[in-house]
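Next, two complexes with chain A in common: one pairs it with chain B, the other with chain C.
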Partner chain A sequence: MASVKLEGIGKSYGDQEVVSDLDLEIADGEFVCLVGPSGCGKSTTLRMVAGLEEITRGDVYIGDRRVNLVAPRDRNVAMVFQSYALFPHMTVEANIAFGLKIRKLPEEERRRKIQWSLELMGLESLAGRMPRELSGGERQRVALGRALVLEPEVLLLDEPLSNLDAGLRSDMRTALKKLHLEVQRTILYVTHDQVEAMTLSDRVAVMSRGRLMQVGTPREVYRRPRNLFVATFIGNPSMNTVQVRPRDTKDGIVLDAGDFQLPLGEVPAGLVLPYLNQPVILGMRPEKIQVLEKPADDSLRAFVNVVEPLGAENILDVNVGDTNFKIKVAAGSGIKPGQPIPVRFDRESQHLFDHETGTSLLDSLQRPV
Partner chain B sequence: MRSGWRRLELLWKKHSFELWLLAPALLYLLGFLVIIVFHLLVLTFSYTLPLEDQFPSLQNFVDLADSGFFTALWRTLLFVLVGTPLQLLTGLAAALLLQRAFRGRAVVSALAMLPLVIPSLVTAIILNIVFDYPFGHVNDLLTGRFPWFPELLSDPVNWKSTAPAALGVALLGNVWRNLPISMLILLSGLLSISEDYYEAAHTMGATGWQRFKFITLPLLTPAISTVLVLRSIELWKEFIFPFIVAPAYPTLGVLIERIHHGQRNAGLAALVSLLLVGCIAASTFVIQRSTRWLRQRLVGV
Partner chain C sequence: MRWSAPLLHRIGLGLFLVAVLIPPFLLFKYSISDKESVVTGGEYPQPFWPFHPTLQLFEQLFTRDDFLGAFSLSLQIALLTVFFSLVLGAPAAFALARYRFPGKALVLFLMISVRLLPDITSVVPVVEQFARYPFSLVPELLQVALAHTLLSLPYVLYIAIGVFETIPRDLEEQAQLLGASRLFAFRHIVLPVALPGLAAAAIYAFLLSWNEFVFTFFLTFQSTSTTLPVLLQRIMAWTVQTNYLAAIALALTLPVIVFTMIVQKYMRAGMMAGAIK
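And now, the complex of A and B:
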């Protein structure tokens, strides 16, 4: 087992920079997800750690060893591909045995390890099957078994669940998390699915356009997004955003959205003052907007456009004036489309972002989450 | 019986459209296979005489021994045994080179098609000129007539006067001309192997040679088998290169022409043709069996 350290790594194809100046440290045994929209450079980053992609700038360390010029086969990493890349001409057992055979392990030890891997992944009864005879989930398990049997210092997973259907994906998610607790490997996991990233990892690294946007625990990136990108990318439905102008009134600072005004929440006034009468972006999580029984002094009047039932919860698509919001409410509230409802914005959960840079105004503050 | 007719009638009603679609293929099979094979069989058992053919007769089988058949068979077998692997290896080498993406790949692939565009007859005649005795280009080169090439021979070689040399040159021409075919088949086989397999094997510790041996080769066996079967059939039947370049050492293809046109013995020519077909069937069977066996061996990692 080993830690992984990426120091200012970058990757360019000709003039095009796909990953720039990325710093990331992954502790020994940690599960880190690289998450971002497609084309953000997350897979390229993973492949640079695997050694399948040349590193243009910066250094990659596995443990204490700088591996920039080390061939993939000597890095002691194992990778699971999105396509699983199971060798189609070999049985499940031969697939798992492949790496061990290449490493010329003695027969006895090889048997033992293959058996361990088959048992770990629940594949004993499938050992003699060919990959084409397996279901998606079974292939996935073979791919994992094939990677783990090599006892890699680092396990790299490239969108391993994206080819599975929704139900299976959630099962495999749980299975992966259990597996990580069991084998305690350092895992770097690439996904475009923020739910996967949030549920699986110890820490999430959010990427956009080749840059690292934020690294933190799932709770940190959700509660304290450092910029507008992370704020809207993490969370489902996405965070509501609206352009507001802070105004200094006799009641203190209010955020003027045109259609309505909100008192400034717990963002320190000192951070907002430089932005007086300037546009800033206000972000509100859908679950931080409450639907009230009846109008109150601090409530706003919203019109319900659409109700999306999710079972335990409903997502409301509402308008306050011309501004569109999503609200998450418990199911069974009896709210119907076309109905006006009183809503209140949770003052404690306001996020404010610089209009130009998208940086959170809170970013300069150190505050416990 | 009546129910049989009834069933046929139903079949016709149900599938008449499909049966009409099959008609051209059936006519083709009838015209070019059944009739020709039938005629060939009749000829085989006909003794060709100046005025009239004698049928049935086994005289052709008696004449076979003195016709030069067995020498020609032996030559052709060598031709196939040396030529087929050679075509596979040169095709594989070319395909592996063209598999990598590089600048100007399109131009190189187009150039690689060139041998196929030149008529074989022209290629064969050019080979004749190049390997001429005593003033051909190859002799000039080897006897040191060009200052930039060392003198390897003191006297020019008569390439056409020994069977190995003459047939070797003919084989060279054949391999060169047909390189694009094997290359294309193998290249499409190579390109159908997902890059992921190589990368997976790479991260699992496989060296370049191991990746070739455990991934490329087993996954390429269908293409390899196709190349071996196609090329061996063509080599068995090969006519134009031995005919032009090695006329003194007839292979089976050339022998059939000799007997048919030179000796005007259609019956004997038919018998030799039939035996050639038999050889092709046998060799194809052996090749397919052995590639299947090879594939299973390779798959076992």
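And now, the complex of A and C:
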């Protein structure tokens, strides 16, 4: 097993820079997700670690070894492609055995390892099948089994669940997490699905346009997004954003949105002072806006446009004045479209971002979560 | 499907069928005809079906040295053409399908440019070269096979490029990550997966060579041994015995059927199924 270290790596195709100046350290046995919208450079980054893509700038280390110029097969990494890339003319067993055969392992040891892999992935009864005779989930397990049988130091997974239907995806997610606990490999996992990233990984690395936006535990990136991109990318539905101007009043600093005013929450006033009367972006999570029974002093009057039932929860699309918000509430609240409701914004969960750079005003503070 | 197709459509279909079936029917009929059914001396019309159907002509044919010689030569040349076309065409096609390099479009164009000229035009420089030292030392068999390769290669290239393009790069990359070298991945992953498509290219090359007349005619002009199509022409030059020619023509189709049946085994559909998705 080994750690992985990316030091200022970059990738360009001609003038076009797809990954720039990326630093990331993955500890031995850690499960890290690279997450971001499509085209953000996350797959390219993964392929640079695998050795399938040349590294334009910077260094990649696996363990203590710099691997920039090491051939893919000598890096001791295994990868599961989004397409699974099963060899269509070989049985499940032959697919799993492929790498072992090249390594010319003794027959006895090879048998044992294949057996281990088949059992681990629950494929014993399918060993003799061809890939075309397998379901999506089974193919996925073969691809994983084939990767794990070589006992790689690092396991690279490129959107392994994106070809599965919703139910199976959630099952495989759980299975992957169990698998990680069982085999304790260093895993770098690429996905565009933030739910997958949040549920699976020890740490999440959020990417956008070839740059790393934030690295942290799922809790950190959710609670303390360092910039507007991470704030709106992580969380479902997305964080509400509205442009406000901090004003100094006799009651302290308030955030003036035009249609309504909110007292400043837990963001220290000192950080907001430089922005007095300047536009800043206020972010509020849909789950941090409460619907009250009846109006209170600090409540706002919201008007319900649409109710989207999700089963256990409802998503409300509401307007406060002209400002549109999403609110997540428990189902069964009996709220109907066209109805005015009193809402209260959770003061402790305000996020403030610089209007121009999108950086969190808290970013200058290194605070524990 | 309705059975009651309009009358006009049925008549059209019927005429089409008759038109398509006349040549093979005539071939078959003549090849099993006895002499009286063909040579009538104008005293009676040729019968629709031979008076005394017989396989005598085929017996004669397969005991003639010139026929057997030409048959064997044709077969050797066709198989050599298939061999050369695939050995040269498959790697070239793979490179053209997989790698980007400057001037790729031009290379592709030049490679198929032979086929832009009529055969009868490109035959001149080819025959001219083979007539000169040192190419004149190349055995005639090889000369003809190489000329046929020249003709089939562009097609093989095109078919094979199409085949390789359908094979996802993921498969090779996966093989490399599992420890394979590029060559090993090509040999053990790409080629087996490409086999059905390449089999189609092989059938094409075989047919082309088996059928080829113009180049063979000029290259074997002074030679006593030649391929079947040219032999057919030579026999035609001194006999008008329709039934004899028909038998030769029919015999020409046999190896094509056999070769196609053998190669078809590799043309299993859905080879790629299960690799991705």
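We take it that the second predicted complex is superposed on the first by the 369 of 369 C-alpha atoms of A that agree within 3 Å, B and C clash if a C-alpha of one lies under 4 Å from a C-alpha of the other, contacts with A are read in each partner's own complex, and residues count from 1 in each chain.
FYI, a contact is a pair of C-beta atoms (placed from the backbone, for glycine too) under 8 Å apart; a residue touches a chain by one contact, two chains touch by 3 or more.
None of these values were measured; they are calculated from a predicted model.
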| item | value |
| --- | --- |
| Three-chain arrangement built on chain A, chain B and chain C clash or fit | clash |
| Which of chain B and chain C A:Tyr275 touches, first, second, both or neither | neither |
| Partner chain(s) touched by A:Phe81 [first = chain B, second = chain C, both, neither] | both |
| Partner chain in contact with A:Leu134 - chain B first, chain C second, else both or neither | second |
| Touched partner set for A:Ala94, first chain B, second chain C, both or neither | first |
| Chain B versus chain C as contact partner of A:Arg73, first or second or both or neither | both |
| Contacts of A:Ala50 with chain B and chain C, given as first, second, both or neither | both |
| First (chain B), second (chain C), both or neither touched by A:Tyr61 | neither |
| Segment of chain B that clashes with chain C, given the candidates 2-10, 56-64 or 146-154 | 56-64 |
| Footprint overlap on chain A, where chain B in one structure and chain C in the other make contact | 50-52, 71-73, 77-79, 81, 83, 85, 87-89, 98-99, 102-103, 146, 150 |
| Interface residues, chain A side, partner chain B - complex | 50-52, 71-75, 77-79, 81, 83, 85, 87-90, 94, 97-99, 101-103, 146, 150, 156 |
| Residues on chain B engaged by chain A in the complex (per definition of touch) | 194, 196-197, 199-207, 210, 214-215, 218-219, 295, 298-301 |
| Complex contacts: residues of chain A adjacent to chain C | 50-52, 71-73, 77-79, 81, 83-89, 98-99, 102-103, 130-134, 136, 139, 146, 150, 163 |
| Residues of chain C touching chain A in the complex | 168, 170-171, 173-181, 184, 189, 192-193, 270-277 |
